[in-house]
Amino acid sequence: MAGVEVVSEQGFRTDGRKPNELRRIRCKQGVFSHADGSAYIEQGNTKVLATVYGPHEIRGSRSKALHDRAYVNCQFSMATFSTGERKQRPRGDRKSTEMTMHMKQTFEATILTQLYPRSQIDIFVEVLQADGGNFAACVNAATLALIDAGIPLKDYVCACTVGFVDDVTIVDINHLEETNHIAEFTVAMLPKSEQFVMLEMSSRLHLDHLSKVMDMATKACKDVHLVLDRAVRDHVSEVWQQLGNT
Amino acid sequence: MKDHPLSNCEEKFVLAAIAENRRFDGRGVYIYRPIVILYGHDRGCCHVQIGCTRVLAQVSCEVIIPKQTRPNEGVLHMNVELSPMACPSFEAGKQSDYGVEVNRALERLLRDSLCIDLESLCIMSGEKVWQIRVDVHVLNHDGNLIDCSSIAAIAALSHFRRPDVTVSGEEVTIHPLDEKDAVPLSVNHIPLSVTFAFFDQGRTLLVDPTDQEERVMDGKMVVGINKHRELCMLHVSGKMLVLQDQVVRCVNIAAARVGEITDLIKDTLEKDNAARKSGKEFGFAKCLADVILGVDDLLKHYVDSMSVDTTSVGQTAKTVVDADGNRVQMEVDNAETGNVSIKVPGTGKMSTNTEGGAVTWCEGEESDSDVILLDKNDSTSSEVSSKQVSAVVELSDSEEESVLMTSQDLERTELSKSRAIETRENRGGRCRGKSFGGRNRGKRGRGNGQRYF
Amino acid sequence: MADVFKKVEPAEYYRRHLTHDARPDGRQLLAFRDVVVSVGTIGTADGSALVRLGGGGTTVVCGVKAELASPRPDTPARGYVVPNVELPALCAATLRPGPPTALAQTLSQAMADLIENSGCVDAGALCVSPGRLVWALHVDAVCLAHNGNLADACAAAVVAALRDTTLPAITIDDETGRVRVDSGRERAPVAASAFPVAASFAKFDNDILFADPTAEEEALATATVTVATLEDGSLCLLHKAGGSAMTEKELQQCVDRAQVRGAELRHLVNKVAASKEC
Amino acid sequence: MSCLKQSNLRGFACEQSCLTRSDGSATFNQGETTVLAAVYGPVEVKLSKEHVEKAAVDVIYKPKVGIPGCKEKATEQLIKSTCETVLLVALHPRTAVVIVLQEMQNTGSLLSCCINACCQALMDAGINMRCLVCAVTTTVDQEGHIILDPTSKQEEDGKAVLTFAFDSKTNGVIMTTTSGIYSSQEYQECLLSAQHASAKIFEFYRDSILKKLSRVS
Amino acid sequence: MEDSIGKVVIPGDILQNLDEKKGKIKVTVGPGLIRDGSHIAVTKSGILRHREPSVFWVDCHQKRYVPARGDNVIGIVTAKQGDVFKVDIGSSEPASLSFMAFEAATKRNRPNLNVGDCVNAKLLVANKDCEPELVCIDSYGRSSGLGILPNEGFLLQCSIGLVRQLLRNKFNVLTFLGKAIQYEVAIGMNGRIWLHCHTVRETIAISNAICRSELMSDEEVQIMSKKVVDSLQGFE
């Protein structure tokens, strides 16, 4: 497809990874003190910052208030310098609006919103550098930020992209692989119950391969969960120690 | 506009009915409402009806310069219009979140799955390609917009013919339709979407939800798939959680449904083509007439071509026109003797009182300075304004006497008014450079950086 | 007293005047306001005109700027005219700054119709090199004061400005393809012979017809009609948007009056143009 | 004196209440030209458009291809003021009447078809009206002959296209708009023939309502 | 005028023969009619109706409700604001319903009404220039059938014309079906019908039958009702 071979004969991808190998994830919680919760994540060259405010009273139009649960307000934004060509609008175009909507749905389903009627929770994510799997990185970052803010969740939300090309399933695809019109899955799931919160697929994939791809996606999300979970535990114990406890 | 609010008893009832596997229209859970596909008179025009949901799609084409990143590919542009016609809560002219969702779903289903061969739309690499635009107008929203729109869009694309093009060297000729037959687009496959509504934490699911069902559902899954069992799109929305086996189950049901719809599209396309070839009638009007003649529907009415009796029209028109004709002609001929005075070259004034004598009691004689305000010479205008400062007249307390002001006074107030207009413009601190005011035509009247202080 | 009466019962105030074939500003029913036309007032434009109705009443200034552009694909050998009417907030107390109002958009479209229908610009003459380069005339009319009957004032300003417009000669170097403005050669006029003139009428109380309404009269009128005539007596625009119904005789009355008005205004503009040359 | 070349109106068809979500709707066909109209009203009004003494009429016209521009806005204004004339707007102050028109198929006389669809939809929505309105398009061809209810081809070939709207009470001209050049005589002839044709359309309106209510009365 | 009663009228029609028959009479005109000088003009398309002695109106199959004083309507609570409920009755603006306008309501004993609940109420104030106001009591402070509707059953939306037809005509779909099926019903003049049956199946069947009866003649309604009843009983 389009000249570039996504997986070489030796079974390696363009950036040297094996098909089922994630990019390196580095993350940090509590990067800002002014926000109620914040987190920074790097998945390979994709870098995302997330902040969370709330739960607080409804800001802006009062009519948004929901009488039985919290209103989740999300904003997905990509810095103008984050892509190869300069982005004209950081947000508000059709794709960003779609991302914002997906974020909102994902977290409305996982935050225990019914605990905070008539209030609002803000989740803002900013993509600083985009190299594929932007949405997955945003979801992971937002999860960490929500945990940092102490907002009750059903479970971690772990997200990951999976591609399928030439009979091979590849996980956590980067930008170069994305541009090759390969079948692409973006999933966000609750790792413990193995339930999908968000599921998006584009391009073409034969039905016979579907189960294979989804199994791989589940595994990848669980791997992400391990990394996130360790980061959270490290962060908590660090804070615990800072408070003078040993 | 606001839509009707959903009452608690409705919500409870609809959920209870679904739990019993009962739908208001008596359908089974995996059954679609009846689908009607009609094609318009124009090529690329398709109207699809699923139950009461109605969508109109129109395909058009245009020659554009390709994107730099893809110089050999044409462009497929999708535009979904949700107007208040379909549902009172939709707003015209502004794309809502829901509009974006439908639009993106169609983009991913049709464009990202490469259902149209974009490379065949290239006329001259890097310079000229076809842009195919699909406008999808939602006419009535009774649930399941995405499925209805996807059928309309792909059927319209298959129905469309673009003008033929010949390229010889640098020369590109686009043949009009009467010169050379138009060519169809090369459609690689027919991707269609099947929407599932989820209820009761995913324990119940049904196909083709109506608006009533959509309002109470937990969420929905849209499966884009073609006849060759290739998954083209997957989209889950709403706050719900799904398990892998549910996904697989939905996809398999969708694979079964999509074959029937594909056959329906192909069948209707063939019928329309046959009608066009054999010179039979086609288009919406014909379909409406067919329905009317077939079924006795009280809401439809039809009359055949009617003749209007217009024998006396010519004569009556002549009487009306000629009634005053002579007098008008005389006045037109006399127009040149009218009262035109030229004060300065390039400026003239006409006092027009052709009927009756000139009225003088309320008329201020125009002075030259009044028009100089906009003269080329900047030096004169500064002169004028200094003159005006002394000529401000207090008008606030004037009572009936103001009617009796002398013509000179009136002229002064006139000047003070125009002065006031000028100062009002300046007071804003921001000057709107008129688009013809500078040497180069300013593209925008406002805010091009000049400031007056 | 009269002022109070006017404030409290504006409709009755006008009714008493109009039933006596007189109007508060002293005109008779079918009389137009005085008109001042001034051409070539904007030095930076390729053609311009200022039109004022009545002393200090409605004022519209129109400037034409010509730009070289590539032609539209469907008409390779024709230039194009882009009229635009702007109603800035300064021209009337009722207007607010912001995007174009419906009135401004309607007027812009009316001007576009007028230019296209009457053929007052020879689009073929705007072509520099077929398929490659044509002139695009941006005709911008700005209303400086709005006291009714903008349609007539805009039409007069637009047409007078177009008749004032001249274009520089252009030479294209065949080898390099470079475009050069030939300042040595004389500038050529763009206007064709057609000279449309618009005249507006209003109806009050469903039965009284009067010409050239002021803003106050427009607000009280139940219908307005605009008729544009050409020199040979033919019509190129007859626009009535809605309002109280009119009979064919009333419309004919408007058409007749518009013919006379057309002749007068043409005479004025021609004389003004002539005075500028000498 | 010129004479009428074509004094036939194309066949008419209409379907009332064809949409389920709007308060009133109608499809109107003149030959192949098809327009769909939906009406809401009286409904709540946006604060910026509110009138204390009457209902605000809002017309949205949607062309089939592309996004609406200046020309469509002018059409909207034209239809808006035409409808305002026949609607009793003073009966519903601080509300809005929203009319949405969708071009479905254009084979000539589109504007008149829009107004006719609009009137049918307003009737279907049961909004108080002073009287009915109908529109007729005419064309003057190159020889000066007059064509009623022209097709797009006839519109293109002719030298002028004139559209008139009449009320059902006085049969006077509510709206008139023209393009192209024509003489006064031609104008009057078009007007009078259109006026004759309007009677047929009013008759059609009444027949369609009679049919709709034939069972219940 | 008499000759057009029960006939179809369309906007712009003038009702004549007013004075000729009875001399000077006082005429009350309802929706769809307006005084135009010395005539009465029709403003809506529909069927002209008459009630003795001289009340005239037009039955129009419109969907949008325009509030009229004294109408019984079914509203949906959309918000609580201070001491009033905001209630959607399908008109251009929401109606207000005071906490106190219920039977036996006091400052302490407030009605238990949540957002989304339905009420059967009467329009106390309905006027084109001000907000409509609802009450759930009559002038003696008794509920007289008004009040909160239970949160079971189904709320059906139909045209105003159909509702008027159901209330006016004795031979309507409800009476036909009522002979065979038990149900509870509340009809609002704003085109909302609250319906409660023993089973979901019956509710669906009846609501579909009501909607379908809109433009039918009495005989057709009877035939249809019989079919509905047969099919419901045939399977049970």
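Order as written gives the chain letters A, B, C, D and E; numbering starts at 1 within each chain.
Just so we're on the same page, a residue touches a chain if its C-beta (ideal position, glycine included) is under 8 Å from a C-beta of that chain, and two chains touch if they have at least 3 such contacts.
Source: prediction; values computed, not measured.
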Number of steps on the shortest touching-chain route linking chain A and chain D: 2
Chain E and chain C - chains in contact with each: B, D
Distance from the mean Cα position of chain C to that of chain A, given in whole angstrom: 59
Separation of mean Cα positions, chain C and chain B [Å, integer]: 28
Distance from chain E to chain A - Cα centre to Cα centre, in angstrom: 52
Centroid distance [mean C-alpha coordinates] between chain D and chain B, Å: 19
For chain E, residues that touch 2 or more chains besides their own: 215
Residues of chain C whose C-beta touches two or more other chains: 233, 248, 252
Contacting chain pairs - touch in the sense defined above: A-B, B-C, B-D, B-E, C-D, D-E
Residue numbers on chain D that touch chain E, as the complex places them: 17, 23-24, 40-45, 86, 88, 91-96, 123-132, 167-169, 205-206, 209-210, 212-213, 215-217
Contact footprint of chain D on chain B as seen in their complex: 1-2, 40-42, 45, 47, 52, 54, 56, 58, 60, 79, 81, 83-88, 92-93, 133, 135, 137, 139-142, 283-285, 288-289, 292, 297-310, 313-318, 320-321
Sites on chain E touched by chain D in the complex: 6-8, 10-12, 32, 34, 41, 43-47, 60-64, 66, 91-93, 128-129, 160, 165, 215-217, 220
Chain B-facing residues of chain E, complex: 76, 78, 88, 90, 114, 116-118, 149-155, 157, 194, 200-201, 203-204, 207-208, 215
Residues on chain B engaged by chain C in the complex (per definition of touch): 63, 174, 320-321, 323-325, 327-328, 331-333, 335-336, 338, 340, 342, 345-356, 359, 361-364, 366, 370-371, 374-376, 400, 403, 410-411, 414, 417-418, 421, 424-425, 432, 434-439, 441, 445
